[in-house]
Amino acid sequence: MKFALIVSHFNEEITAGLKKGALQFLNEKGFSSHQVDIFDSPGAFEIPLLAKKLAKTGRFNGIICLGCVIQGETAHFEWISMATTTGLMQAMLETEVPITFGILTTYTEEQAIARSQDNSENKGREAAAACWELVATLSQC
Amino acid sequence: MKFALIVSHFNEEITAGLKKGALQFLNEKGFSSHQVDIFDSPGAFEIPLLAKKLAKTGRFNGIICLGCVIQGETAHFEWISMATTTGLMQAMLETEVPITFGILTTYTEEQAIARSQDNSENKGREAAAACWELVATLSQC
Amino acid sequence: MKFALIVSHFNEEITAGLKKGALQFLNEKGFSSHQVDIFDSPGAFEIPLLAKKLAKTGRFNGIICLGCVIQGETAHFEWISMATTTGLMQAMLETEVPITFGILTTYTEEQAIARSQDNSENKGREAAAACWELVATLSQC
Amino acid sequence: MKFALIVSHFNEEITAGLKKGALQFLNEKGFSSHQVDIFDSPGAFEIPLLAKKLAKTGRFNGIICLGCVIQGETAHFEWISMATTTGLMQAMLETEVPITFGILTTYTEEQAIARSQDNSENKGREAAAACWELVATLSQC
Amino acid sequence: MKFALIVSHFNEEITAGLKKGALQFLNEKGFSSHQVDIFDSPGAFEIPLLAKKLAKTGRFNGIICLGCVIQGETAHFEWISMATTTGLMQAMLETEVPITFGILTTYTEEQAIARSQDNSENKGREAAAACWELVATLSQC
């Protein structure tokens, strides 16, 4: 069993926390570091292409996507969030490989910090758990 | 005639009520438990892939999707709801298998509770009924 | 020349008015009841699959879709409306058969009643007229 | 070089102004009336199918789409605008023929009137200019 | 290594700044002007078709898209922004060539000016950097 972890380095201080949460979950479930390949994405908008490409390699049971988009003064937040979320759904439906969504879309930096702490509410941890569970359910379909 | 029931276990206390409502409807219509296969989904975002995969097996006349997304402090609610709803529509149009929408998208937990009670307003029941009716109409097309 | 009329029976008292308006228009244009096949849909979300399936049969010059979604207390209204509208557009573009949109998306029940009365503002009538005109223009393309 | 002009006759008094603006631009650039074929659409929602069909004929270098959607009391405005705009984008990407967007989506009738006057701000004129320029750039790709 | 730069000339005074920022970044990374081909787009809505066509030529490692949409009095801003953003995502997923998003979607002209200045916050510069980084990550997939 092997996972790909895509981590956006826009808002890197936040995504580092999400990455830590995701890796911790996978470690607790007994996956070694050889079973998790990590890939950098510039921002959120670029994640769907990476997810699709990695899914198509056939090397991964699931792809965990981590990023952080924080609302600014313009509408950039809305369109990047929408295109990224629907792009990931499209990539998942097309490749039929589990792709889970650990991309924060928050109104403030405080909200982003709160969701990337070292606790059970960490959204990177949640995305890793969702990926792991989805792989399990798919094996029963 | 056979149905697949996908139940998200995010907000599990709510989705358990939706599941009960759906099963009750199918039972009233004379379907035995052998005619309903139940699959777990981590959250709402993962349901469209499961629905597509199950539709493609050819084993089900319809897929009933149950989940619950409640608005929080961030924009997460909007994008997950949008991607899930349009993803299910895309999976239904592509596979041409009935997929019905019993995913609550509420502003409060109270609203979610109210729509998952053991009565005729139960949204899981409504999604099961919609699936059953859609199968019937499709047989006349 | 033959039309399919899909009528959702969610909010049936409203959609009955839309259906009457659509049939009246087609009757005024000289179409007999043999030229209009009527299909039931449970709600709005299920209409795109029916429309696609009927379009693919090749038996219809156009598909007229009638339904009614009224805003409630939750976000259900937004996502069902969005997925249905874009799903119908997708079905039309893929099959290249005219599919017209007579689905009310109103904020109140009063607005829905007002748009389903027996007059020239009836939105079912408008959808039937749009379908009839689109068939005519397509024959010149 | 040949263009197709699709003109919606919903809000006809407005779209007539857009059409005049588009034709004036093409005339100024030296195109004769034989180089512009005009097609009627009932409303905005039907334009994407016409645009796709015309693009697929291979007879046109570009398709200019003119229409007018004005916000009313219900949510109809939002969903029609969204499905039409994304439908045109989808038709353009699929056929790879230039399709430009001269469909007004205004909050008031006054705004629609102001954008369809006989001056350089006319949005039909802008859509024709965009189509003409896009054809030119594509020839360099 | 070769990049395509698509620059919309709607709001040209702004997009000229974005273009300067993008070229500066590529220059700093050692790319000569022979390695960057520049293409004009009329507005934002036309960029996805150009991006798709250029991606399909196979001549470019990445496509950098620069434009500027400023909110006006009508809903035009919303639909153009949405269709352009999701259209670029679709073009990127379909061609599997990096396409990055340097299109400003601002509420005021001041916001657009601020994001196109000659500094490290320049959004054209950011889009060029994202493209360059995405190309690098993809080579490891």
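Letters A, B, C, D and E mark the chains as written, and numbering starts fresh at 1 in each.
As a working rule, a contact is a pair of C-beta atoms (placed from the backbone, for glycine too) under 8 Å apart; a residue touches a chain by one contact, two chains touch by 3 or more.
Note that the structure is a prediction, hence the values are computed from the model and not measured.
Asker: So which chains are sitting against subunit B and subunit D at once?
Answerer: C
Asker: Report, in whole Å, the distance between the mean C-alpha point of subunit A and the mean C-alpha point of subunit E.
Answerer: 24
Asker: Determine the centre-to-centre distance between subunit C and subunit E, using the mean Cα coordinates as centres, and give it in whole Å.
Answerer: The mean C-alpha positions of subunit C and subunit E differ by 40 Å.
Asker: Could you check subunit A for residues that touch two or more other chains and list them?
Answerer: Answer for subunit A, listing residues that touch two or more other chains: 82, 86, 90.
Asker: Following the ring of touching chains from subunit B through subunit C, in what sequence do all chains appear?
Answerer: Order round the ring from subunit B, first step to subunit C: B, C, D, E, A.
Asker: Would you mind writing out the residues of subunit C in touch with subunit D in their complex?
Answerer: 71, 77, 81-82, 85-86, 88-90, 92-93, 96, 98, 100-101, 104-107, 111, 115, 129-130, 133-134, 137-138, 140-141
Asker: For subunit B, which residues count as touching subunit A in their complex?
Answerer: 39-43, 45-46, 48-50, 52-54, 57, 73-76, 78-80, 82-84, 86-87, 90-91, 94
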